[in-house]
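Note that chain A is present in both complexes that follow, paired respectively with chain B and with chain C.
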Partner chain A sequence: MPKIEYILTVGIETHVQLKTKSKLFSGSDNDSKDSVANTLINHIDFGLPGALPVLNEKAIELASKAAFALNSKPSYFSKFDRKHYFYPDLPMGYQISQYDQPIIVGGYVEFYCNDQLRRVNITRAHLESDAGKSIHPDNQNYSLVDLNRAGTPLLEIVSEPEMHSPEEAKAYAHELYLLMRYADVSEANLYYGNMRFDVNVSISKDNQLGTRTETKNLNSFRSIERAITYEMNRQIDLIESGQQVIQETRGWNDTKGQGYSMRSKENADDYRYMPDPDLPPILLDDQYILKIQQSMPKLPKYWRQQVSKHSLSTSIIESLIEAEIEYSLNNLDYLVNLPTNQARVIANWLVNIELPLRKKLAESAKNIELSDKNIQQIYNQVYSIFESGEISSTNIKLLISQLLTMKKLPKDVKEVAKESKLLQTSDEGLLNDIVDQVLANNPQAVKDLKEGKDKAIGFLVGQVMKGSKGQANPTIVTTLIKSKIG
Partner chain B sequence: MAILSHDDILKLAQLARLSLSDEEVESFINEISSILNYVEQLNEVETDDLEPTNQVTGLVNVWRPDKVINYGYQVDDILKIVPKMHDRYIRVGRMIE
Partner chain C sequence: MSNWPKIQQLAKEVNSGKTSAASLVAKSLALIEQKKEFQAIISTTSDRARRRAEEIDNKVKKGQNAGRLAGVPFIAKDNFLAFGAETTAASNMLKGFDAPYQATAINKLEAEGAICVAKANLDAFAHGSSTENSDFFTTLNPYDKSRVPGGSSGGSAASIALDVAPFSLGTDTGGSIRAPASFCGVVGYKPTYGLVSRSGVVAMASSTDCIGALANCVEDVALVMEVMSGQDDLDSTTVEVKDNKFSDFKKPNKQIKIGLVKEYLADGINQKVKDRVLSISEKISNNGDIVKEISLPSLPLALAVYYILCPAEVASNLSRYDGQRYGFSDANSKSLEESYYNSRSKGFGNEAKRRIMIGTYVLSSGYYDAYYKKAQIVRTKMINEFTEAFKKVDYLIGPATPTTAFKIGEFTADPLSMYLNDIVLVAANLVGIPSIAIPAGKVDKLPIGVQLMARQKEDHNLINYAKYLEELINA
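Let's look at the complex of A and B:
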């Protein structure tokens, strides 16, 4: 069968839980992670007759910040609507959402995918209240509902269908995560479901979009990539075997690595949207919007631009940007202000020595105890040792790992290096003995070298380095070996 | 003149989670159609230059500071009206297969 090229098209709806203390329309505690079921609820979340929802001011502020993070602006006018549907996790019988006049209209997200800069446009983003959480115990004929999460403020960010590979969709979702964290809008903890993704997937052979399906409630970047790949292949198989893709809502079983059909998608008007008469509209003025703009933290785009003057690789920059929020560090500002040579070397240490160390420590619930400031002082001192050529690259790794696990900043980093015998020696007496030994033990390599096979010298230097436990200076060792064999 | 079909009524019933007998469906075809016809008189009003009315209070920006509020009653008092509890969970019919 001839291989037909299909174009994959993906749009993503992302639910971001806003970082508020109380819920969107009630004064219940919004921190439902690890809470006892049905403790963070009140008459409003429960939808009791006569309960009056009152908007949380902070949600408007955070959504406005999100607008700037998405290269947009909060709308001057927005309002709340009721979206009706019956489901056991929705006590009111409707979700309070925003239908035709949302808080954010337009915008875009820029990110790197396989080192390429990509831009995905944002259609809109609206505020809405979350539903409760359901549990479906195995082999039972009932489900269980916990309403602690009911009423939690969500910002639903809707992208244009502009992504064309599973990797790109994953990279977009990851960038949204960075933006929400950097803008301080959400805890964006995926483990606790602070960000959930619905992916709309279709395939076609030309620019005419095919029938799409929506796979709901993905909760990790990896599951986005896997679910899209799965759905793309499923749709291709259907079409290749002469069948049709049905527009439907689907679920994803991450353990099995499989999608499954949930229900045919209801038409939009089945939700019977209507303006919520309990909630007066939001009217923001220029002064409010300007104040939010001025309060915006620096975003990944700014840091990428700043750090790029040191011509670091994209992967190094992205690792630094990720680590900055992952471990609450302040390394970007530090690196930006260093001379380029030094910044490049230290960025490399950060990404290849410090971050793996942090990851390893975190696995046993441990942490680096030194402050960023102290670690930066350590790096500056290690850098001067490095510049003087007194330490091998293997030993730099050992030295930095040792220093970072110290309880407090040592007085003199070089002293620590000396005590741990990590500095290179140019003590020719000691080196002579090691070189003699190595030459005696490797007659074949010596013969090769004498016959002009230059490769052999590398091997011999390596043996000496090993014999000196990395303390030998390779340049001196090379000279020594050459002079002995002559 | 809005005349609803049998299927329209069934769809409305499904959205409202109501199960209707055949006689009820027949009678609602006429009842709801006549309500719609009555309301249709509003279409005669000229509204081209008007903004849709979403609110009649004239209020804007009614919001509260982001604080956890003690409403002065026990959460468990609310749970007393739940038909069926299971430990601290609300027990409902199975939602998924």
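Let's look at the complex of A and C:
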């Protein structure tokens, strides 16, 4: 089938949960992660008679930060509106949202996709309160409602329909995720649904956009890519077989890797939007906006530029940027201030030794107890041992792993290395015996070497290294072998 | 002679031990029982009221000050969430609802030692002008049992006229305190929008809902308003008024200019009522102040604007009554849809349904611009007209109701005529300015009120002048 001639167009609506202590319009705890159902609610979240919403100013601050992260500015004037619909997890019968005057208008996100710099424009972003959770137990004639999440502040970021491949959409979502974390706007924990994505997908053969569908509630980057690919293929198949794409809301089953129809949008919902008379408009002045701008944390773009002077590989940089935010910030700052040679070596240790170690420890609910600062001191010392050529790369990994799991910073890293016999030895007397042993045990290799097959030397050196438990200095071993065989 | 001395006096007597809170509560409860036939009261909070009286008396015995309203019994309209009895808003929807928190206004009064003894009848959810829309029963006018007390705070106004408590609380969304005050011959006060917290009061139309007080005299109303007013963290539309010592009365030291609102003396206002207003105006000018006619050309549109905006907000505010968490829930429904449908169909009365339908209609896509948006534009125009008027005069004067109390059943078949009753009152709500209704004598043996309006946040001045006018009328 000539699928190649279709143009895919994707726009994404992202719901970002703001990291406020309390909810958007009530004093209830906003952290519903591990709480017992319906324990984080008060009269406002429950929609009791006479209960009035009161705006949490922290949410305005975080939304304003998000504005700068999106290369925009918070609006001087924005307001809240009521969006009406009936559902048991919506206690007031309306959601408080922002309809025509949102807190953020315009902006863009820049990111790399297949080494190409891409820019996706942001239409708008508005504040709204989340609904509760409805739980529908299998094979039961009832549903359950948990209102802990009801009233959680969300920032809904709406992109222009400017993405044209599943990978690009995934990369956009990922960059947005990094931005929200670096701007200190959201915990952005995907597992807990702190970010949820709705993808609008259409295909066409020309610039005229096709009928779009919306696949709702995607909660991982991979599912974004898969759901878009699935939906693109479904729409192409429909059109190729002479059918039409219906505008509809769809869901995504990640286990089956399939999308499914939820409801048709032919009878458009009428939400009867109305300005919320309980909430005065949000008025921000230049002074406030400037204060937010000045308090903006450094964003991924800044760090990428900073560390790029060390010519680190993209995958190393992105791994560092992607780690837990505090860890990332500490170590990026640390690396930026190191000489290039040292930075490149240590960046490699951070990504290939420390991060996997942390992951492994986390699996057994353990942690590295040393502070990031202490770890940096360790790295600086290990680096000077490394530079002196006294340790093999295998042993560096062992040494770092050993040091990082210590309870406190050791007085002298080199002492630890020595005690653990991880340093290379240049003691020719000791090496002599091992070399002799290896040469005696490997007559074929010795023969090959004598016949000029240079590969054999590598094998023999390796055997000596093994025999010395990594403590031998390979340069010295090579010289020794060569002199013995002559 | 009233059964009750002035509130300040009463609190003084309680604080000095001359009388006890317990005896005042007992007296009020006994009077309520005596006047039961008027059906002003939905429930009493007697147990809790007696306990609170005891606490206050103990405080006094220990030599502590029990507050500026120590031991003073009051009656709250039943759309105030209060402990000690159900909060029903006179609706089947909320019948049996026990409030888990109290209205800020009630908390503030209690903090000064006042004691809520009963909950007064109203038109269900405050929708109406007569209490005939109460899902339970109609309150009778204390001056003529065949007539309505006005509404929606009809039970609150009747209670004061029946003299069963020194003051009562009402809500005024489009005249609901001032109209029954006029019909029952008592003082009713609607403050500047936002002066008193709406938290814990069943919402009707949020952008015009105001909490106010009713009593026998301006002085009592002033003290109660002073205690209730102020910024509240639970209501972001509340405002702090600097000049908030309403109970400090000072004689205006300059010549006051009063605007006699031309549109409020037009057709549709009873001639004898007009005459009362004109004769009071004459009294004012005879006593040295200036009265001049003033026109607010948009006023004839006020009722139309009100009956677009108010139902829109009502429809929205009543969305929460869905039978799923509290309030009436139809037990026989087989699905969620059915439960919504049946709970709301059976739980709401006709007037609530009427307003939900109008409100839903005007907010529907395609109609929003034609109705809601246009109404907001006229509302803004009206605000500007009032601002201009208040550049020329200090206060506006007019009748508080177009007629005296009408007969029970007179308008029940014609809701639109019923709405006309509020024609002279809704503008103050739409504009957010303070307005007070004070008794202006009688017309054909029935009480009638006169209405005074002032600039936003000038509640203190308005109360001062109302007290002066009250004395002038009674002189």
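A few remarks follow.
We take it that the second predicted complex is superposed on the first by the 465 of 486 C-alpha atoms of A that agree within 3 Å, B and C clash if a C-alpha of one lies under 4 Å from a C-alpha of the other, contacts with A are read in each partner's own complex, and residues count from 1 in each chain.
In the analysis below, a residue touches a chain if its C-beta (ideal position, glycine included) is under 8 Å from a C-beta of that chain, and two chains touch if they have at least 3 such contacts.
In this text, all values refer to a predicted model and were calculated from it rather than measured experimentally.
Of the two partner chains placed around the shared chain by superposition, neither chain B nor chain C is touched by A:Lys407.
Contacts of A:Arg82 after superposition on the shared chain: chain C is touched, whereas chain B is not. When the shared chain is aligned, chain C comes close enough to touch A:Ala51, but chain B does not. Looking at the shared chain after the overlay, A:Lys256 reaches neither chain B nor chain C.
Contacts of A:Lys455 after superposition: neither chain B nor chain C is touched. Touch criterion met: A:Asp146 reaches chain B, while chain C stays clear of it. Of the two partner chains, chain C is the only one that A:Tyr94 touches; chain B does not reach it. Ranking chain B and chain C by residues of chain A touched puts B first.
In the superposed model, A:Ile135 lies in contact with chain B only, and not with chain C. Overlap of the chain B and chain C interfaces on chain A: residues 43, 46, 48, 54-55, 84, 86, 88, 143, 145, 270, 272, 277, 279-280. Within the complex formed with chain A, the residues of chain C that make contact are 81, 87, 89, 94, 97, 99-101, 103, 198-203, 205-207, 233-237, 312-313, 315-316, 318-320, 322, 324-326, 336, 340, 360, 363-365, 368, 372. By the touch criterion stated above, chain A contacts chain C in their complex at residues 43, 46-55, 82, 84, 86, 88, 91-94, 143, 145, 268, 270, 272-274, 277-280. Contact residues on chain A toward chain B in their complex (touch as defined above): 20-22, 26-29, 36-43, 46, 48, 54-60, 79, 84, 86-88, 134-136, 140-147, 270, 272, 275, 277, 279-283. On the chain B side of its complex with chain A, the touching residues are 15, 17, 54-57, 59-71, 75, 78-79, 86-96.
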